[in-house]
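Let me give you the structure first, and then I'll get to my questions.
Chain naming follows the written order as A, B, C, D and E, and within any one chain the residues start at number 1.
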Amino acid sequence: MIEVDIALNLDGFDLAAAFDVPDGSVTALFGRSGSGKSTIIDCVAGLRRPDRGRVVVAGETLFDGTINVPPERRHLGYVFQDARLFPHLSVETNLRYGERRARTDRRIATFDDVVTLLGIGHLLARRPGTLSGGERQRVAIGRALLAQPRALLMDEPLAALDRERKAEVLPYIERLRDRFGLPILYVSHAVEEVVRLARTVVRIEHGRITGIGPVEEMLSGGAIGDEHGPATVLRAIVKRHDARFGLTALEVGAGRELVTPAVERPIGGEVRVRILARDVSLALERPTGISIQNRLEASVAEITRPSPFIVDVRLDIGAPLWSRVSAKAAEELALAPGKRVVALIKTVALERE
Amino acid sequence: MLLSPEEVGILLLSVKVAAWSVAISLAPAIAVGWALARYSFPGKAAIDAILHLPLVLPPVVVGYVLLILFAPKGPLGAPLRDWFGIDFAFSWRGAVLAAAVMGFPLMTQAIRLSAQTVDRKLEQAARTLGAPPWQVFLTITLPLMAPGVLAGTVLSFARSLGEFGATITFVSSIPGETRTLPLAIYAYTQVPGGDGPALRLTLISVAVALAALAGAELLNRALARRVGAPA
Amino acid sequence: AAQEIRVLAAASLSNVLDGLCAAWFAKGEPRCVAVYAASSALARQIENGAPGDVFISADEPWMKHVVDRKVVRPETQRALATNLLAIIAPAGSKVALAPAPNFPIAAALGEGRLSLADPDSVPAGRYAKAALQHFGVWEQVSGKIARAENARDALAFVARGVAPLGIVYGTDARVEPKVRVVASFPVGSHPPVVYPMAVTANARSPRAQAFLDFLLSPPSQAALQEAGFGPPPK
Amino acid sequence: MIEVDIALNLDGFDLAAAFDVPDGSVTALFGRSGSGKSTIIDCVAGLRRPDRGRVVVAGETLFDGTINVPPERRHLGYVFQDARLFPHLSVETNLRYGERRARTDRRIATFDDVVTLLGIGHLLARRPGTLSGGERQRVAIGRALLAQPRALLMDEPLAALDRERKAEVLPYIERLRDRFGLPILYVSHAVEEVVRLARTVVRIEHGRITGIGPVEEMLSGGAIGDEHGPATVLRAIVKRHDARFGLTALEVGAGRELVTPAVERPIGGEVRVRILARDVSLALERPTGISIQNRLEASVAEITRPSPFIVDVRLDIGAPLWSRVSAKAAEELALAPGKRVVALIKTVALERE
Amino acid sequence: MLLSPEEVGILLLSVKVAAWSVAISLAPAIAVGWALARYSFPGKAAIDAILHLPLVLPPVVVGYVLLILFAPKGPLGAPLRDWFGIDFAFSWRGAVLAAAVMGFPLMTQAIRLSAQTVDRKLEQAARTLGAPPWQVFLTITLPLMAPGVLAGTVLSFARSLGEFGATITFVSSIPGETRTLPLAIYAYTQVPGGDGPALRLTLISVAVALAALAGAELLNRALARRVGAPA
């Protein structure tokens, strides 16, 4: 766990922030350019001294005004917004720099894995001077991972990467998070990344935290989430596997079943599914002859309007489930609290990314 | 041009003195140059000024000060001799000391200059990767300062090769011991008809300097390639 | 090497002394190592404990300095040789001057400068100043002096045509083809230019005194006079 | 117009590219990290000399092996991937640097406009050293615009910007493009940006062009969109605005209408919509009592299976439209080429990003 | 410590000579330092070596070479005198020349060092913004080289203040014209008992150097602030 509670003043720019990053989870710092995200991360990493406050990682107090553990003994992997590769060392030596100094009792990434994942094998002998923007950033990510950190601080790590590479790196970061229980503090302007990785979002404006909460909640508020509307995270139990179609049936809430692409969990195991509100359609009756596999009986619990033309509906399916529809659809279906409807969710929309 | 055994002796002595001078200056110059570039502290200007004194004062005065300090019975010479058995007075070690003192400001300034340009963000990155300050210094700062260290070494080596006033005043011009190229050249210019041998020795000096500079230039290019700067 | 004899000598003596050292060694005596520098530097070094057996100064004040500090043996002090002062001009110059009271040296200089070793600090310059004062012309030229570091540099200014006239040691003047000796100052017009020598107090060579005697022997003196030096004053 | 036809070799990396950027249009260079995008732009800007080939802008030959117009006389605005602000000059002086040297007969941007647009008014007196990543990039964009260039070269200009700022800057670039007929060569990994700005996409792989074509074509189908399945980009004409529900009806293909959240374009104006295949469901008959607003008659043109359990269907709605469904749904609906179906697309899924 | 009128005269002359020396060296040193840092050309090593010669050779030899070259009838002295009416012999201008020659390698190396570190990507950016190479040099390269120019100026100023051997050999020691601080100090050290006045003049030298360095340090800090480097 990373616990942050700091304040500092930078020549007119005032910053005060307090939040936690639990183990095995990603917390995203979300805010406009210049709002103070990199500054906060610098404080956690020990590169900037807060005026006051405290920083605790894995129970160890790294800063509290008296204590100020130097960066090299914090064991945090920092991927900088600007890659900061060492220009006089080869790519390989850059990568090995932290690895050689890592504590041997914690090993989260091997050199070969990281090089393969990031596709930088052909660059190992080069100096950073001639790398392309994305190549530089990939090496920087690898370097931070190979230092075998006990937490990751990532400042727009994927901004310069193409989507294919992103699609390869993201699951890797997820695996690190899950397998080693790493807490990750993540800055990104890309909502998809945040939605995908983060459990919690810390919203920051002009150096002040204006909201902390689960991704679903924070992204429904408007400012950040209006792209996809709110999302629902459901806890579910694996009921059945359908090997023929590559599907898994999950039990969500009281007896209700949700069919998703195959989940590699034993029957009875617990999984989390995240369902974007934009992927949930509503029907008055259970339709037939339609490709949408999930048709769940539900009742309307609550209706909100994040904008005049958009309606977010909280359904009750034994558990809450959010759906976003257009104002016109809401009127056509005469949606109102208590009304019984069928929630339609495409199986492919539940593909774990 | 064939060198006489005497000329070879002078040449070798000069190179030995200059090389030792650079060798003993290097570590302190790096430390001082770096400290001056990075830190502000009370008395910094005074230290800076003292470092520059050998430039500002006539070399003869520097040599005289060294003579007083490091004479066998001088305030520094006596303890050095008694405790460590090091004797500077009238030995080639004294010539090294004189050359080092005169070259020190040149070396320090060059190093300081390049220490100023090392990007501290890279040093920060190294710290987050687990390197304590001294490792950061050795693996990041110092290599990135290399051009300045090299330039400083060249300047100080050249200055040491050419050092005359302080040396002759401090350790005199003892053949085979302290009579380096400039001292020998000077001696020849002081006697009628000495211009010929003086010119020969001058050409030898020039050749040594040329060789040293060519080596430095090669190293410098290698360094530039290393950091991937366009050639 | 413990046997060798180390001679600390004024730089202007170097070429003669090298020859004399060789002759001394040829006689089966210990090797002689000559260390040349300005008299001032040597005197200070001796004062500060420089190892050396014999000191040969280019002037008497520095010898007196070391005598006063008891770092040479006063009883061994002798004069090695003397020198003359010559007025010189560039080789192509047609100037004619003869030292005499109020002789027209200032007029001969014209806009140019008179090249001397520094009359305040260097022996050659001091002697030149004394000679000019002797003939009553110092006041006329004192504002037109170019003060060189030593007599050799004073000679160079004239040889290069930078100064129309200079006053240097006769020994220097006679070997430089680019200058012409216009006149020599008569003995008595200035204090004698004497090169005093002495054995140092911490001399280790048992042959130091013998070396001084050798330098005063007729063959050595002949070599000195060959180079233009005069005999030591009686 | 920018005409590019160049080849060069960089120490083992071989590049050859030929394409045009017509006036008043944006051409996007699209390719993975290290494929040679920045190198191409450097050649156009005159910062790197191609081994051979030619570069022509507005009819003027800037390079052809003999001619090699120096960068300062090319009058191209280059927004670098790394901002490259002058560290010894204030933000204002950085901005003014090109403006002072601009030809007075071409004026595409004023200082005040640019500063307001980019929200950098409060930074004018600062030195670049302490700016945040996004602030730096904004200043770099402003600096390039104020040089009043006759064409823009933009290398991931918006990568470090938050979405609000992007949403402000994008329309501005569109306006420059339209108002001054600027040709713009644009590098971005963000599909949304490219879809929105670019008319043409140049796809580049390992220094070789592997495709040039209109955005619709290049970004539809599998090649680029495979995270969510293929995507369809449709060119559409604005037909009607529905102010009450904040909707716009677009005509896509022969008489077929698509309802999207309101688009700020006059009726008759042209827009592009991008539809992810995962957002397109299929039904055998036109369903009723359902929140999904778009129900388009279609016929199955082609069926592909990117994985055993996933089916991508190319529909014909007058134009091609991709849909992704689960293998089970495909079997239930007995999908086969030629079959008539109804494509269902949620309005909220079409929100312009 | 009250200065005698003579001491004041010597001090002012020294400062004048050193200031002129720096002034005339600056432009050529910037040009040469920059060219050496940026370009490879045949004969570069030779030029570099020639530049370093004043360091390597005994100053007296440098002075002697200057004397030969710039004597009124020398190969350079004659045309300069005939065509431009500039006469170096025995004049303070000659002292300036000697000081400049001796300080030049120091200035050039410092400038070269900082020219090497200027990021060419910034220069490229300036070109795309419409600045031709000379404007890029003046507005980007030169300001970013400022620390090196400053360090070079300090080194060369200090070296000029302290220049002795070449000066006295080239233009002799003429009170009020070429007798700078080191020459005056030297003269005092050459007479028994001259240590007192020599010490006074030495202290004056130290004070001048200290003032110059303090000024340079202030400027340097201002520069560091300008590029926003952490203080």
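Simple rule for what comes next: a residue touches a chain if its C-beta (ideal position, glycine included) is under 8 Å from a C-beta of that chain, and two chains touch if they have at least 3 such contacts.
The structure presented is a predicted model; accordingly, all values stated were derived computationally and were not measured.
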Checklist entry - By label order, what chains touch chain B and chain C together? => result E
Checklist entry - Where centres are the averaged C-alpha coordinates, which chain has the largest centre distance to chain A? => result C
Item to check | Chain located farthest away, centre of chain D as origin (C-alpha) | outcome: C
Next on the checklist: Based only on mean CA positions, could you tell me how far chain A sits from chain D in angstrom?
Outcome noted: 26
Next on the checklist: For chain A versus chain C, what separation do you get between their C-alpha means, in angstrom?
Outcome noted: 91
Item to check | CA centroid of chain B to CA centroid of chain D, Å | outcome: 60
Checklist entry - If you average the Cα atoms of chain C and of chain E to get two centres, how far apart are those centres in Å? => result 35
Checklist outcome for this item: Residues in chain C with touches to at least two other chains are numbered 38
Next on the checklist: Where in chain B do residues touch two or more of the other chains?
Outcome noted: 60, 64, 186, 189, 229
Next on the checklist: Where in chain D do residues touch two or more of the other chains?
Outcome noted: 82, 130
Next on the checklist: If we use the touch criterion from the header, which chain pairs count as touching?
Outcome noted: A-B, A-D, B-C, B-E, C-E, D-E
Checklist outcome for this item: Within their complex, chain E touches chain D through residues 121-122, 124-133, 135, 139-140, 143-144, 146, 226-229
Item to check | chain B residues touching chain C - in the complex, by the definition given at the top | outcome: 60, 63-64, 67-68, 71-74, 89-90, 168-169, 172-175, 186-187, 189-194
Next on the checklist: Help me check something: in the complex, which residues belonging to chain D touch chain A?
Outcome noted: 10-11, 31-34, 37-38, 81-82, 130-135, 137-138, 155-156, 159-166, 189-191, 224, 226-227, 229, 242, 245-247, 259, 261-262, 278-279, 281-285, 287, 289-293, 307-310, 323-333, 344, 346-349, 351, 353
Checklist entry - In the complex formed with chain B, which residues of chain C make contact? => result 6, 8, 11-12, 14-15, 33-38, 41-42, 44-45, 48-51, 150, 152, 171-172, 174-176
Item to check | Residues on chain D engaged by chain E in the complex (per definition of touch) | outcome: 45-47, 70-72, 74-78, 80, 82, 84, 86-88, 97-98, 101-102, 127-130, 143-144, 147
